[in-house]
Each structure stands twice: as structure tokens, then as C-alpha cells.
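Handing you a structure now.
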């Protein structure tokens, strides 16, 4: 069987699968399930092209890793065949722990189970199934491998993860303000003192990369309507879980039912391996098909109302502020909504949502981007380009939101 | 409420919703459901970017209709405001009858209900809900409106439907060989004797359009693996329906259950309006979430096996031939598969699939494309460009396929 | 004759010429000469795709003006047919005064004649030839027309000039960091109190536009090698003029000879109309073909050396500093170069060049960009988006350069 | 000095210069002159973006050769470092013999000197200057190297020359109908029996490539207005040469003068090496700056009239026919034009031009494209895809033109 397939990718052109191990990992049900998990959750409600999957992103990031390693080698950086395989596997699997609507799930059905933790569990499990062949990949992923720069390529301010997803999300949303110069940045990479660095002539590409990322945060990832939809989904799933924990007749697919009826934490996942297997069966289709049924067939008016709002796209109204909302404002909003829908005060918290979001353009104090001058000197980006500090790019921008049912 | 929204479209840039009626139609649940129906069904199993929806295509085609009408008006063609509204609504709703995996459904669960028929039913229903405001749109859609050229823009060899979907499918699959010059073709449109025509300087754009369309057929729509996946889905759904008609305990979402348990035909849809309402509740999420459950939780080994094949992407093996397969070849394939899986001969037909596919580059005898010369003469495309006939572009190319379970 | 032509433009798709007057203006030799004047002068020495012309840019800007006016009209802004014609002509001709390598020429051969002044002279002359039909266009161009917002569309912080050239220069250089969202910005334009405004949902497009423009300045327009090449050309032409003013046998095309042999100022141009006619005959071909001849056939070693450097791309070495170079540093550089080439000290100034460049991301105090909130309120961009002020985007960034012959 | 530069290319992204030898060849004046020679001559008169140069194309083709060799190596094809260097140099220099407006020059000023011959002369000269380091490149270029497939990559029906120029010309003209899938084709290349082959899954990319190439011929390279402009230039230069051969006072740049005053053939070029040196000094700037001067300053009314027509874009009227024009039609056209301009019959031949153009989509009989099936079988493209023969793609399409002065 031909395992050196080429996959069409409108973003990078064509993606070649490097070797048989990659092929077999991609064929594994844990990875194939990513075909059914959208990269951007409910964002398609705002940007109707945003249906691309975590499957596609993982392949794209793997592809960029291959390119980046190729560039580093032409510059004399030693990377063995085995390290290449490990690094490309690490990035291929870096997001394998994502469930459907990952952020929303972490705040409702699998509270406390972060996707990074789940990725680690999945990779560990795969390592066993593949007879330890993923050992080095795991080390890189966990940053315990001695070549630190390989970790930085998987998870850093300039990793191939971001280099893929910013460009991919820009392509599928059509938000041209996020279209970064992926290829140029990769051509500018180098390594000094076991640290990933960027040749200084790439300074404007980095600057544009940071600005584009910030744009994508405010225009897409933290778009008001996306926040509103996500909070609505959190409330919907929370309500469903509350009901299901007492009444097992609520419609659900078998895999989702398990996580609706009971609550599991990391120790459970560790002691009961079948839980991971079950978790791996949940994807976007379970969530949305259940929400659709709840909209019409639930005995609970709150669940029905929330579900209908989501399916018919009557999302939460959302206000954004640079200052926190007062408790009074929040309470009034809840009360007003409760009276409008004639809901008992104890359930008012399902009718509103509040919280905060933030983004920092560039982190100067946590593993900063390092520039490499023609002289061979290295210098952190924010010292190379003083406006970074002058202009406060390391200062997070924070916004507070308050959602209320329509 | 602002009903003049602008929607991001990576394909055409930005799409403006023309007026409130369009806005209200788009908000209607019948139309919103298209957000949950992929334009290309299972094609994403081959081209992993192909997750765009019928919702997005319908908006894109509406946008092109607005552009095309604008171009025609600058050339002095009279199109009233009312006609513009009707034509843009006709194209907006032209595909509203599509169910999920439309082609597969027509061959399994709703046998005999073609999506054109369903579109007509939906539009009729919407016309009633909107107090007859869709009357002229319906006339254009049904080709009973006196200005024939408006119909041709909705459904012809050079309609805005094709001008959108070829470009859109090319964008999301990444098959650059299908990237047509939509904008140029639209700029070349004109009308003579109530017939849509193309100015002769657009001759190469038309030629490229036809060649690209043919490419998309063979590279995407009729791609061997897509055919294989679609046939597997037909068999899966057929088997589910066979089981469900006798045993109502088979897992299904409520809406899908209705169409699994019973079979309905056009007279049923006409006499029982709630059927259309129920049909409108089925989308990709119902189909795939059920197939996923059947893969693990069905008592029927055939249904389980077919469902697992689909979910784990172990698709049918497929052979393509320019000649039909002999009955003997087909029988042998069925028998061999049956023995391999130890299946009773009466169910062997679930293990194989055969059929034919064809495409014709250009139809010279059925409402041909008309070219307009600078002199004002009009001439059919195949006479303007004699190679069309010489080279047999009007001759269909037909291929026969035989699928067998892996 | 068909004067409603469509012109292929890889940047915006297709450009339609609005009417016969535009067609005739485009056909005029004054405008046709722009076909032979590159938009970006010597930038192609760094970015080898940057050969696009001022002709192409002027058509592109005209096209965007047509789009923008169309958008404003759908929002209820009154713009008469005559005003539309005038505004599109004003932008079509806004750069008609540019000579070849315009910046370099202004510092050497036609010192003191700024291209804005020349554009005014050309437009005035055309207005006479076209029987006063350009009167309103001239008023808009000179900002004396009563609708101020039309002027802002021709020359403001968000004019169609910038909306075209940033995107065009990005396309032809391949500097993806300058690819602005032209179409989205135009869709967001509106007018309030006779002032061009941007709807507030376009805030990120504006932000990206400003950042991209800044990127283009530092990556392209003020690229160190471009500065070096331009300064070399200034020195070459200055030397040629010095020689030619005393010795008319220096090779030159007839039109260039006129401006080499004598020096003319605005009063000359006004009193001797044939001067403008002669100036209109000079383009890139005159300059480069002469430099090529001077490289081989000049009696003057300085002119030969400078010309050869330019043709063989042995450009000035260039240093960039955030602080001015001391006079001593400059003098030493001149002296060192003079000794190296054995040149008399009185001519040392031909061997070096120094100066400063600067760019300001956004001008908050000079006709700022105005945002329009959904409430109808208008607010300057830097108050709408406080980071603009916080982060010092209105503070110019200045760099000093010192070039020395190689 | 850093000789591993990266060059911005909007078409392929970034082009790396492989090694120092390539760098030094690119720096050589013979190669730098290609910066001043447009790839598509006068095509910009129709497609105003078409100003890209032979310099840019040569770099692009070199880049694709590097990619293609990389692909072949991953498939186990042995290509030594030396062969890679030779093949990339062969393609880098394959067009170095092109003069400005190459086709027009071959029919006027350097009649009989084909650019292939001149390329060979230049490469030979460079080989001497570079101490024989271009020996193997010359062998590949001349098809005398034992690995035939390397020659096919330089000059075949699917060479990197075409793979670059079709895509590049499409990019700069904006003719989207010529946008081929360069990257996909390169990924599909392989070698069998010392023959370049294409894996059979690339069949539709090949088909699209051939159709796009044909489109580019008729839409761009043989566009009626381009033919008209080119014929006008031939007549202009022929007239200038006729005058100059008798009267050396005609304005010309020194290098062009040499080839205007005298006629040289291959033996001259061989016996007088300085001729090649002089030829290397002629580029677009010499031709156009002279034509501009002739338009105003020639004593010969025919030369003035032809030159003015070119500069002011009052090109020849052109008729295209599928049949040859009769001698009578041609004579009448000449006579009519002669009378209109009151020109002596002996010079009538300057007022008209006639000839033929043709293109063949695919050559089945001359080194056909070979497809490689998964089984390992190889089969010519026209047998793999029978419609090629059925539909007459190997039959040339020929058109006849007749141009007359306006």
C-alpha cells in the first residue's frame, strides 16, 4: 500500500506525508476523529467559510515543520533523521487532545480537563500502541528533549503551530488582515545556542506576524458574536449536564451520554483507560445533533430555549467594555432576563454570561523572539525594535463582556 | 435592526445582502439549515478543505446575480427593481431543497424525492409565509416568467450557480485547475432577443470555463474515492432503513427516524405539510452522528461493518472502466465479498455497488451558449469556435465503476 | 469606436473605463507617457517584480473611486453624475505630473519642480484642450470644490490613491506584508457632515491598513538598497547636468538634453508652454538609455563611474542610523572615497550622499480618520482606538543614512 | 560577501540562489542586462501589468529546477551535486541570448540570428570566463549529456521553462485562464528509462496545463493587438535600418547604431567577439528611446509615422482569418494605405504586414509526455487520454493576419 500520499491543501499547496509512521498515525481513529472537529468551533456563524478542521491544521503544521527543518539544515544546523521524525510527529499530534468546541467543553462537560492534558494522554496511549516509537516526539512535546529549539518550533512565540493556523484561519474566514508571510518567516529561521532565532532581515515579517495575530484575535477568535455563541453553548451544555445527571432519559449519543451523566477528572482518565476511548468518540456531530434534538424535544424549558437560540442563531446579546461590569449590572441583567422568560431565580445564571478576554501582542519576558544580526549577534526582538517596548506591545489588552439571552 | 449586513466571503470578497426580504429569507430556519449541509458531501475525505456549505454557495450565487444584473443594466438591458429582487431570490433559494448528502439520500432514504422537487416545495411554502412576495421568483425559477434570460441566469450552461460553485469548490478543495474567471465572464454578459449572450471577446474565458468545469467533474465531483464514499453511504443508509422499517429501536435522531421508519413520496409531502417541516430538520449532523452510533451499537453486523468503514475511512475499493462491467464480474465480486465477511447471499448487494457516471463538456443542442459579435450578430458557441464540434466536446464521456467492500 | 473598454488588471480584476471623456484623457500622450514611467523607480533592483507603471496605478485608483462612489450612493449619499465624472478624473490625473524617477529628478535635473505642481500644470493644460470639461475635477483636486469629502477621497489619509498603490505595490513586489483589505475598507466608507468616515466595524481593517502602510515604507519605499540606488541616480544626473551645462556634446536624447543644458523653474514653465510639452517627452527610457551610454562613452570619469555603478548594480554602500551622522563622519567618508578613486576634493560630494527619511503611521492632528459608530456618533480614529496615542503611532520614526561609493 | 541571497518573487514566493557560481553568473553584466529586457515585449500595450523581465523568469525557472530535482531525489532518482548545479545553470542561462523585443529584432535588425544561437554563444563565452565550470551545463543545454531527462527538464513539452513562464505571464497579465498548477505537476514528476515521466494521478493537471498553455497563446502571446504592435515594431526597425545603412546621422544609442549601420551574421559573431559584447549592450531602453526620438526628429516621413504610431499607441489595424489572405487583398491594402499617406509605391511594404501564427496544444509525435501508471507501466499521454487524439489536440491551429497602418 502506498503510504507516501500527497494531500491537497489550498493553503500550502500540497502536503506530503513524510513516512509510514506518520501515515499510520494519521490513519488512527484518534487522528481521523479530528476530521470531525472544526478548528474554530462556532466561528462559522460569523465567518461562513470557517469550517476547516483540526485534522487539516495538524497536517499543515506538520508540513511547515518539514519545511523549517529543511531550511535549518541548509544553514548547517544538525538535525538527525530521527529528530526530524520526532519533531514532525510532535507537531502532528500537538492538538490531538482537542474535543469538539474545545473551549466550551472545558467549561461545561469535562470541566477541568484541559486539552493539553488530553493531548498528553492520547500521545502516551499512541506511544504504547506504536511500541515506543513516539518516545522522542513525547520528549520534544514535553520539552524534556535536550535540543530546546525543537520544542520552540512546536510551542513558542513563533512556532509552526501559529505559522499554520493564522494563515489557515485567514484563508478560510477570508479575513485578509491575518494573512501572514509564513514562507518568508520560515526562510529566515536559524538556530544559535540551541535557541530558535530569526535573521534580522526578517524583522518586518515578524512585526507583521505579530500585528496580524493580534488582528486575528480581535477580529476572529475573540469576535463579539463568536464569544456570544461560545457562551451560549457553554450554558446549553451545562444545563444539559445538570439535567442528565439526574435524569438519564435526556437524548444523547452514547458517547456523549457518558460525559453528561457523570463527571470525570484526570485521576478517572488515568485509572480507567476506556474513558479516553469514549472521549475519542465525541466530536462536533454529537454536540450539534444533540443540541438540535434538545431544541425540540426537551422537557426542560431552559434547555429548549438555549438550544433553540443556538440552532436558529438567535445568539446572546453581548456588550464589551474596557472596564469590568459591576455586580449590580450583572445581577440586573440576570433578573431582567429571568422575568422576561419567567424563569425561577435559581436558574437565572443560565440566561447570562460574563467574563473577560485578553491578548498580548508580544511577550518580552517569556521566551522572547530572538533576532540574529549579520554580525552573528543575537538580540531579543523587543530590544532590536525598540518601538515594541515604547509602544507597549507587551502590555495585554483586556476586554470584559456581558452576554444576555435575547 | 440592521438588515443590510455584509458577509465575509473568501471567494468573492464581501457579500452584501440586498434588502430586508433577502435578510428575512436568510434568517428563516429553512435557509439557516443550509449552514449544516456541506456543498460537497463526503468530498472532504479526499480534499480535506471541502467543508464549505450550501449556505455559503447560495449567498455567493446571489452575490454574482447582483453583479451580473448590474453589468447588464450598464449595457442598457432593462431589468426592473422587482425583477432584480425576484432573480436574486430565485438563485438564493435554488438549492434550498437539498438534504444532507443529497445524492446519497435520493438513492436511499428519500428515494424518488429529487432535490429540485423539494426546492419547489420549500419555495412554495416560503411564498405562503411571506404573503406571496416570492411569486415572481417562483416564476423565474420555474421558467414561466416572460423574460427568459432571467431563467438562463439561474439555470443554464452559464448560470451564476455554476459561476459560483466552480470557483468556490476550487477554492476550498485547492484544485487550482477549476479556478474559473468568474468576474470576466460576468463582465462579458449581455442580452439579445431575450437570450443571455456572451460578448465574443470573452471566447477564451468561456473555453476555459468549460474545460475547468470538466476538470472539476473528473478531479472532484466524480473522483474515484468520492464515488466510493458516496456509494458506501448509500448502502449504509439503505441498510439502516431496511432495519428501521422493521425495528424501531435502531438509534436515530427524531427527525431522521421518521424517514427511516417509513417511506414517503411526493403525494405524501403534498398531503402532509408537516413532512416537509420534518425533512427540514435533517442535516449532516443527523446522518453522521447516527452512522457513528451504528458503527458501535448496532445489532446488525452488516450495518455495523458499513458504518465502521465509513467512519474509519476504510472505503469501498473502486475500479473504473470505459466499458460496463459484465454481470459475471459483478456477481463474482459480490460473492467473494460475501464469503470474506460470511454474509448471507441475500445481503450480498450491500457489499458492492456499481453504476456509471458521465459528463459532457458542452451541450450544443440544448440551449447552447450564444456569442455576440461586435457587429451585433449572435452565433452559438460551437459554431463560433468550430473546434468544439470538431473535437467532440458535445459527446458525453462515460465511465463505469464497480465498488467492493474492503 | 468603442470607448467603453475593459482593461485587465491582476490587482483588481477588470477595470472599466467609465465614459468617453475618460477614454480620451487616457489616450492623450500626456497620459500614455505614464506607461513608460515605473511607479516605483529603481525599486525593481531589490524587488524584481516591481515594474508596474504609473499608468496602471492611475487606472486602478480611478477604478476604486468608481467603487467607492457606488458604495456611498447605496448609503444615501448624494453624488451627481457630474461629480462622479469629476472625482474619477481628478484621481485619474492626480499623478500626471510625475516624471521618470520622480524623486530623483526633483533633486537633480528639475530641482524645485515638485510633481504636484507639474500635475496642476498638466491638468490645467488638459482642461484647455478639453474645452473646460475638467473644471470640476480641477476644483476637487485643488480642494476648492464645496463637497470636501470628494477631495478626501483623492487626497487624504484614506484616499483611493493609497488604497490602490499599497495593494498594487504589494502585488508586484511580492511583499505580502503590505496586502491591505482594499475592498473591505471601501465597503465601510460613508460620509457625515461633508467628511469621509469609516463605519466602526471597519476598525481592524483601518488598523491593518495603517500597519501595512508603515511596513511598505520600511520594507519597500525606504528600503536601504532602494535609498542607495536613488541617491546614486541623483548624483549621476546631477553630474550629467553639471557637465552638460558647459558642454553640449554629452550624449542625451533630445528631450532630456533640454533639461540637462538649462535649468528651468516654475515661472519658466508658465511663460513657455513648450517646456511642459518637452518635459512630457521624458520618461524612464530617456534616463536609463542615457545612463547606459554615459557608463561607456563619457569623457568624465566621475560620470562614467557613477553610471557604471548604476547599470552594473554596484550601488552605494549605505549605513542607517537612528541618530544623525556627524559632519566629521561624513567628511571622512567623502575623503576616503575621493582618495580611493583619486578624485579632486571639489568633486568629493559626488561620491557620498546623506540625508534622512521618516514615516508616521497615522496623523492624529491633520485631517484624522473619522470613525462612525452605529449610534451615528463620529469620533477620530485615535480616540476610538486609544492605543494609537498610547503607543505613539502619531510620532514620526526618522532614520538617517550615509551612502558612499563602493 | 553573502552570496546565498533570497529574492522576493510574487509568483513562487522566495527564490534562493543555490551557490556562489550561480550568484556570480547572475551578477555578470550579460545576465544583469536581462533586467532591462521584458519577457513579453510589447504585450503590456494590451495587458498593462506585463512588464516582468527575462531576468525574473530565468530566476523563477532556476527555482523550479531546484524543486523538481528535490522531488526526483525523494523518489530515488540519482542526481549528483554536480548535475544539479549544471541543470540549474542550464535553465538559468537558457534564454540569455534574447535581445530586446527578441522576435521583432530577429525579423529586422539582426535578421537570421535566432536567440537560441545567441544563447549558445553567450554560454560559451561565459564558460570561458568561468574557467570551464559551465561545461556540463552546456552539455545539458545542447542535449549531449548522457542523462537525457535533464535535457527534457530544460527543454521539453513539460520543462521548467514553461512551468515558470505560463504561471508568471498569467500572474503579471492577470489572465487567470493561464494559471497552471505548477507545484502539483512538479510533485508528480518522476524518471523512467532516462525519460521524464508524470505519475498518472497527475493526468488532469497535465490536461489543464496543456489547455492553459493554448489559452495563453491565443489570449496573450498571439493576441491580435500584440501581433499588430510587434509587426509595427518590425517595420519601424526595418525602416530605421534601411535609412541608417545609408545615413549614419540617424539618432541611435551607440550600441544600437552598430547593428543599424551594418548587418552581421553568425560568422561575423564568431570571428569578431566584440560583436557579442556590443549586442549585450542593447536592451529595451535603446529600442524605445530611439523610436521616441525618431517619432519627432527623423527626416524620413515613413520612419516618423511608424514611430509615432508605436509611441502613441495608434497601432496597425489587424484582421485575422482562418484562411490565407489573397495576394490581391494584400496588394489592395498596401495601395490604399500608400495613397492615404501619399507614399511612393516602393515603400508600400512598410505600411502593411501579413503572416501566420499557429499553436499546437500537444505534440504526440515529438518527444511526447509520458505517463507513469501505479503498476510501473509507462504510456504516452495521448494514448493514456485518448481524447487527445480523438479531439485533434495534436493538430495545429493556424491563423493568418493582415495588418495595415491606421
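Going in written order, the chains are labelled A, B, C and D, and every chain counts its residues from 1.
Everything that follows uses one rule, which is that a contact is a pair of C-beta atoms (placed from the backbone, for glycine too) under 8 Å apart; a residue touches a chain by one contact, two chains touch by 3 or more.
All values reported here derive from a predicted model rather than from experimental measurement.
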Study note, to complete from the structure: Neighbours of chain C that also touch chain B are A, D
Study note, to complete from the structure: Max Cα-centre separation from chain D goes to chain A
Practice item. Give, as an integer number of Å, the spacing between the C-alpha centres of chain C and chain A. Key: 44
Exercise for review: Provide the C-alpha centroid distance between chain A and chain D, rounded to the nearest whole angstrom.
Suggested key: 49
Revision key, fill the gap. Here the gap between chain A and chain B, centre to centre from mean Cα coordinates and rounded to Å, is 32
Review point. Among the residues of chain C, which ones contact at least 2 other chains?
Key: 13, 184
Check your understanding: Where on chain A does chain C make contact in their complex?
Key -> 176-177, 179-181, 184, 204-205, 207-208, 211-212, 215, 218-219, 387, 390-393, 397
Point to revise | Touching residues on chain B, where the partner in the complex is chain A | key: 7-11, 13, 27, 29, 32, 35-36, 38, 44-49, 51-53, 55-56, 59, 171-175, 251, 253-255, 281, 283-286, 288-290, 292-293, 296-297, 311-313
Exercise for review: Using the touch definition up top, name the residues of chain B that touch chain C in the complex.
Suggested key: 2, 6, 13-14, 16, 183-184, 187, 374
